[in-house]
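One structure below.
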Amino acid sequence: MELYNGSLDTKEIFGRWLDEQSHSNYGAYIPFVGTIRAEDGISALSFDIYEPVLQVWFDKWVEKAKERGAIVKMAHSIGDVEVHTSSYISAVFSPQRKVALSLINEFVEDFKANAPIWKYDVIDGERVYAQDRSTPMSGAGLLG
Amino acid sequence: MELYNGSLDTKEIFGRWLDEQSHSNYGAYIPFVGTIRAEDGISALSFDIYEPVLQVWFDKWVEKAKERGAIVKMAHSIGDVEVHTSSYISAVFSPQRKVALSLINEFVEDFKANAPIWKYDVIDGERVYAQDRSTPMSGAGLLG
Amino acid sequence: MVKVEFLGPMGIEPIEIEVSNLKELSKILKENRDISSWLDKSAVAINDVMVNNLDTTLNSGDRVSILPPVCGG
Amino acid sequence: MVKVEFLGPMGIEPIEIEVSNLKELSKILKENRDISSWLDKSAVAINDVMVNNLDTTLNSGDRVSILPPVCGG
């Protein structure tokens, strides 16, 4: 798991992960690259991350992937990320195509639902919590 | 659609596609990279492609993707591709994460089933048709 | 004493309180207007492990995190 | 005359024959031992368009492709 201040260096990360696994004999490598869309007058999105819980979440996925003979990787931005640059890359390596395709889907969807990351629109230099696009985590409401 | 003799320059292709679409406002970019696995004593795989039918197949996918607001891309090798190098990259760009995840799955699976490409194991310099891993195309058996 | 921290957009300083389980903590937090509106949609971790049971015991030195709705990516 | 080409691993030279539809072509190809074993599992294109109907007419100058089982990627 890799966290960076600001935009990701997407090509560097893609290439380094490829090189790291170049002799691991995985037949399928599927990265998912998330890029900030220009919409609603934002200049950037901004992210807060609670790293300890994110690490626990990620470590569980490493185990789940391992049980299926696969590897997962992840990189995410902290702070401001300008439109048309990338804030998120997940990836799966697997010997089998079908495992890889299924796993990248499950991994990215669970990431969206349960990774402890908070998103803010940056509009005219102000940071506004993206409440309407945010999802209560699994188990939310326990104290409510 | 891009066809190359021998192994793909995976990083160049990934980076070029990323740059080409860097201002198209797609939020999700999912490449699928296929790499030759070392198994059964092969030194390489080798590929024949019937390009005219592949182009028709690909053009239909460009249309299908467009109807869903997305883009598909594809690169494939012709001839010998050594183990631990890549022969195949597909990719999807989409504004929406869920469309991208679904489309890359459908696109890659249909590619495996219906792209007119023939695979050979290269063992001791000999080219052996990978018959047991090959799939009759949709509509096969018409003249049988 | 138990430390309670409010993550992400909640914008509330951490507090330290004397409670022995999550049920007690819930009662106290509901009395605070700034906090109570978040509780319905927030998840809870104790010492960075997510929890789902309101009967969970709290010991002195435990750190409770309140995690509002997320949107990574 | 219709040109018939055998793609990929079939390793058979193209032939030119006089036929007016796919049904007739099927009969002729079945008589060739090297070809007949491939027919059950091969798909067919006419002028690079995949076809599914045995009644499809063939015109002089048409090019028929026989496509054996595939495995790209």
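We just call them A, B, C and D in the order they show up, numbering each chain from 1.
Here, a contact is a pair of C-beta atoms (placed from the backbone, for glycine too) under 8 Å apart; a residue touches a chain by one contact, two chains touch by 3 or more.
The shown structure was predicted, so the numbers you read here are calculated from the model rather than taken from an experiment.
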Assembly fragments, subunit A aside and the remaining chains unmoved: B, D | C
Distance from subunit C to subunit A - Cα centre to Cα centre, in angstrom: 25
Intercentroid distance (Cα basis), subunit C paired with subunit B, Å: 49
Where subunit C touches two or more other chains, by residue: 73
Per-residue multi-chain contacts in subunit B, two or more chains: 34, 97, 108, 112
Touching pairs among all chains present in the structure: A-B, A-C, B-D
Contact set on subunit B toward subunit A in their complex: 10-11, 14-15, 18, 22-23, 25-39, 84, 95, 97, 100-101, 104-105, 108-109, 112
Subunit D-facing residues of subunit B, complex: 34, 47-50, 52-53, 56, 76, 87-88, 108, 111-120, 129-131, 133-144
Of all residues in subunit D, those that touch subunit B in their complex: 7-9, 22, 25-26, 29-30, 39-45, 48-52, 54, 65-73
